[in-house]
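Across the two complexes that follow, chain A remains constant while its partner is chain B and subsequently chain C.
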Partner chain A sequence: MGNPAPSTAARARRASWLTLKAREAMEAWLFVSPTVAGFLIFFAGPLVAVVWYSLTEWNLLTQQMKYVGLANFRDALFENPDFWHVVRNSAVFAVGLVPFNMMLALTLALGLSGRFPGVIFFRTVFFAPVVTSAAAWAIVWKFLLQGESGFVNQLLATVGIAGPNWLREPDWAMAAVIFTRVIKMVGLNMILYIAALQAIPRDYEEAARLEGATNWQVFRWITWPLLGPTTLVIMVITTIGSFKVFDHIYLMTGGGPENGTLVLAFYIYEQGFKFFNVGYASALALIMFAIVMVLTVVQLAIRRRDT
Partner chain B sequence: MIGRFGPKRLRIVSRVCWTIGLSVAAIPFVFPLLWMVSSGFKSAAEIFGSPSIVPREWRWLNFVEVFTYQPFAQQYFNSLYISVSVTAITLVVASLAGYALARLRFAGSSLVGLFLVSALMVPEEVTIIPNFFLMKRFGLIDSHLPLILLPVFGPHGIVATFLMRQYFLALPKEVEEAGRMDGLSTFGIWWRIAIPLSRPALAAVAIITFLHSWNQFLEPLIFVSSLDKFTLPLALSNFTDPYGAPLWHLQLAATSLSVIPILVVYLIAQRQIIESFALSGVKG
Partner chain C sequence: MKVLKQFLAAVSVLAILASPATAAELRFTIWTGNEAHLRMLNGFANSFKAARPDVTVKFETIPPDAYTQKLTIQIAGGNPPDAGWLMEDAAPTFASAGVLEDLASTLNSTKDYDFADFSKPALGLWTAGSKVFGVPFSTSPFVIFFNKDMFDKAGLEDPIALAAKGQWDMTRFQDVAKKLAAANGKYGFEFKDGQGYDSRIMHALMPPIRAYGGDLWANRQCGLDTPQAVGAVKQLHDMVFKDKSIAPPGESADYFSGNAAMTINQISRASLMPKAGFKWGIAPLPAGPAGESPVIGQAGIVVFAAGKQKKLAAEFVAHMTDKANVATAAQFFPPARNSVLSGAGFLGSNNLIPAEQMKFVADAIAKGKVLPSHEKSPQILAAMKPRVDALWRADANVENSLRAVCAAIRPLL
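What follows is the complex of A and B.
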């Protein structure tokens, strides 16, 4: 009879060992398959499609697409004066928003990184707009910033200042939207800064203090350099976010007055979904992508050079 | 004289100055929300008349009219069930993929990771036009499916996947190996061991996903057109007179109704919610 049982078992074990790797790989692919499928259907496919769209012109009546080469890009970059106006607006928005947001975030974080009675209360307050929907926030601020009868202007009137019609004058409208957006989002950056501040070992500061360093010197030569990586992340995220601003613009100004707040994301929406210039809007979207990429790379490069 | 400006005194003085400064800075953060609620109780006539935070007459009727003006209850429900669906599906999909990327060895693992990271670099605005036509082809325009599918698989879902992966990587491997010895399948290990151990990460993903979906604006604007399909962010600015001018007392009453539950939950769980955002902000 012998004993065939062990040898079969051994063979079975070897066989299962051989397929163990294959089996693990198969299971892994099952695990990632929803994500991969979603990636292909809703990201990779559309990315290819948007490049194709950008090279075509659509006739909405006949539903025909015509290949036009780079005409949409030429149109945007060289022929349509709107485009550069819009890019300028987006740049103004970013230049106004990013430093304001980051300085406020850092100031608040410096004030709220320690432990003292009320610190949790203040953090909760400054973060509250982040969890509030942008739509609600924009609506409330639009209400507050109404012309003469708006609350902000009534408040200013009590101290004898005649406030402008905030959302109806191009420059003021831009400033008002930037302010509203900063207040809405600054809590997020504040939290990131607080986390970074709390990760800095106390010894550095204490050593510097023993040497007689002032508050400013400690900040300038210890805290600020150590915050470098966080500052970079925050700067990149905030810049990208500022180029994507849409809801505040849509709800507060609708791109007006006189296209004074017509920014890139809003312009793409208008061209694509209001006027159905699908080819042109696709080209714009790719240009926006390029701008965001360039800004990110430049910021990373500056940082690498500095450190 | 010197004692009066000693270090301890100085610290107290600086503490007081900071507190006053912070309180002043807090005004534009808190006041709009208070003013929103108070204005939601005012009549159309009073709303621009009195700059008083306490309404002269509490007009509860606003909160009734909000529901009769448009299908606000339906819209509220839409937002709720869409956000819950997005959260539930994201938790499953992201933790499955995150687990595979953290623990399982397979050819193409790093490639999948790389592709997902690269997708994070592309703003959603770039792919939303083709996605619109994709949904149109499948007859999903003016349905809620795009609002559920796109966030699950978009950049937001990818951030969730990496958050989960990061958390799984930090778990002790031994427990999972013991599970394997006891005859659990890979799926069993994921479901019975890895998932129960990652409650904090799942909670963080759930919080940011829910809020992201609840607050979405561009996608509903593009994909949904009938009133009874609207989500809250779209519905709020839709209280207008026949000429399109906003009926502020109704807009602000409706906005209060949409914001207050979120803020109440936020006040109860502020620590957890803030930490969740900090986590996703660093990774995303």
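What follows is the complex of A and C.
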């Protein structure tokens, strides 16, 4: 009680525009400014730059840049036969990878969502490849999938099967990169499904079982519909990831053999960093962005229609 | 306050002493990370200090597979090295892009440099009129490395003995590779670094094609569909798929680990041999219908035009390629200086390879031709790759496959 009352006489008068609301807004912006700055510099800036680059012919080595309008897009879409081959490869990769990955992830999640001895161990085993170095994973598989002397073919030989030269025959190479990619990434989707399965209230299943529902009926009419939002998220991120795949292709096949695994992201890399055609590579990147965007919107629309 | 002032003064004095204003550091990119190579290169940097005590040279290793690409990105990103190693397939691209500094005035004004001492053919890729865009530092012919133990086990004469009798030709090479594979249960031959179907296509195809009298391309014409090239590649194809004596696509059979009896490489790889654990030797490439046709891989030392210390970097290049240093480097990187090449010192320069075998290297440099290169090398190789993949199928029609390669690269030539 002995303390003197704080004096307000010395405090500067607050500017009339600095209302409490404005001050709070300023503080909020101040707090988020590091993230916003990072977003603008490392995300929005390059995104805008890519749009500009796509309208130019820019040779990285000579540093010569020329405005060419939509010529890069015209060339890619109508004149370059390799482009559609590459898009087809990306589509094959996505069509092979997405359903396989999702089915395997769901199967594993159904098996490992319960509580039984060793469940944590098995979850860890299937999740471990997700956090394994992509380079190490690809290199090990490259050795396992060698021709006659490869481990996989040696294993097949013990049961009388002559395995193909996995990474040197175009069709088998695509199958091999899809398979090894699925095994590497399936753990992530498995965890998402396990979380979704554990969030489903048990009451629904118990009620259905009292009505005499079989395991399949419980899954088909209760579990699967309730997994819908998670399935959509998984489908979207897996599809986007499959179109963006680069490291796996770079390390396992280099786009070969016979361009059989030359996918869009790898083709963009080749154009930009092997041939130094930055303008053309930027146009291809925007086309890839458009493809992924359309696929995502279609998936969301289908989901909305179904619910 | 007084203590603080004294402390700040002491720190300032230390800072000034630790960073003399005249000190300079040159950044030099190189593909090799081999300890022996780096020791030698650092020796050149140290001896440069005699003339320029204020200059430090830092060698930066970039792995060979990504070398040109990473170098390009450094240049484009405004962070070029001052100087560096450049491989033959990149030289025309870089020279035509104008990113290489003309070294002529520095080299000509360096005392006792004697630029005329460099072999004229060896300078072909690096000069244009009076301009000098690089100095050849490694003019290294391809030779056959062979595992003597495997030859002995198979009861075969080794390639040196066969060459001495004039019997080391492509027919004998095929025969020997097949017998070695049968006797040792390993492949008879492995392409360079096991990359003959991928990043070393040129090194796999060029030696036999030149031995048959052909070329990959010359005078902007594709040479792969000529009878000579078709004959050479058919023989290789038979060795891979009929004889099964060459490690096929998708298999690794590392010569240096004792998993193949022969390979093709350059003498810089001899540094891997002490750890190999078997008796070995080097021999010339087998001759073909066109006689002996040695093939040379080349690399030069260049200064980058966008560098901030071009004059200093050019001085270091002149130092690194003077007679004494070229003679020292010859143990790993065969020289393009005639005086070093013809001197007795070159034959005894490599402590891993006997003088009589170094003679094959000297002969090949004298008679050989550098690998073909082009200002559009990256595009040409990328266009070749899928068509060459198709060639390496067991049921491939070699002639048609090679025609397809030509069709793909012709517009780029």
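FYI, the second predicted complex is superposed on the first by the 276 of 307 C-alpha atoms of A that agree within 3 Å, B and C clash if a C-alpha of one lies under 4 Å from a C-alpha of the other, contacts with A are read in each partner's own complex, and residues count from 1 in each chain.
We take it that contacts are C-beta pairs under 8 Å (C-beta built on N, C-alpha and C of every residue); 3 or more make two chains touch, one makes a residue touch a chain.
Quick caveat: nothing in here was measured; it's all calculated off a predicted structure.
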Touched partner set for A:Val50, first chain B, second chain C, both or neither: first
When the two structures are overlaid on chain A, which partner does A:Gly111 contact: first (chain B), second (chain C), both, or neither? first
Per-residue contact with chain A, leading partner among chain C and chain B: B
With both complexes superposed on chain A, which partner does A:Val131 reach: first (chain B), second (chain C), both or neither? first
With both complexes overlaid on chain A, does A:Leu188 touch chain B (first), chain C (second), both or neither? first
Partner chain in contact with A:Met174 - chain B first, chain C second, else both or neither: neither
Looking at A:Gln146, would you say it contacts chain B, chain C, both, or neither? Reply first, second, both or neither. both
Between chain B (first) and chain C (second), which does A:Phe273 come into contact with in this model arrangement: first, second, both, or neither? both
Please report the chain A residues shared by its interface with chain B and its interface with chain C. 143, 146, 149-150, 273
In their complex, what parts of chain A are in touch with chain B? 21, 24-25, 27-29, 31-32, 34-36, 38-39, 41-47, 49-50, 53, 108, 111-112, 116, 118, 120, 122-137, 139-141, 143-144, 146, 149-151, 154-155, 179, 183, 187-188, 191-192, 195, 233, 237, 240, 243-244, 246-247, 250-251, 265, 268-269, 272-273, 278, 281-282, 285-286, 288-289, 292-293, 296
Using the touch definition up top, name the residues of chain C that touch chain A in the complex. 69, 72-73, 75-76, 93-94, 97-99, 197-198, 248-252, 378-379, 382, 385-387, 389-390, 392-393
Residues on chain A engaged by chain C in the complex (per definition of touch): 59-63, 143, 145-150, 165-169, 254, 256-259, 262, 270, 273-276
Show which residues of chain B lie in contact with chain A when the two form their complex. 15, 18-19, 21-22, 25-26, 28-30, 32-33, 35-36, 39, 48, 51, 93-94, 96-97, 99-101, 104-109, 112, 115-116, 119, 121-134, 149-150, 152-154, 157-158, 161, 186-187, 190, 211, 214-215, 217-218, 221-222, 232-234, 236-237, 246, 248, 251-252, 255, 258-259, 262-263, 266-267, 270-271, 273-274, 277-278, 281-282, 284
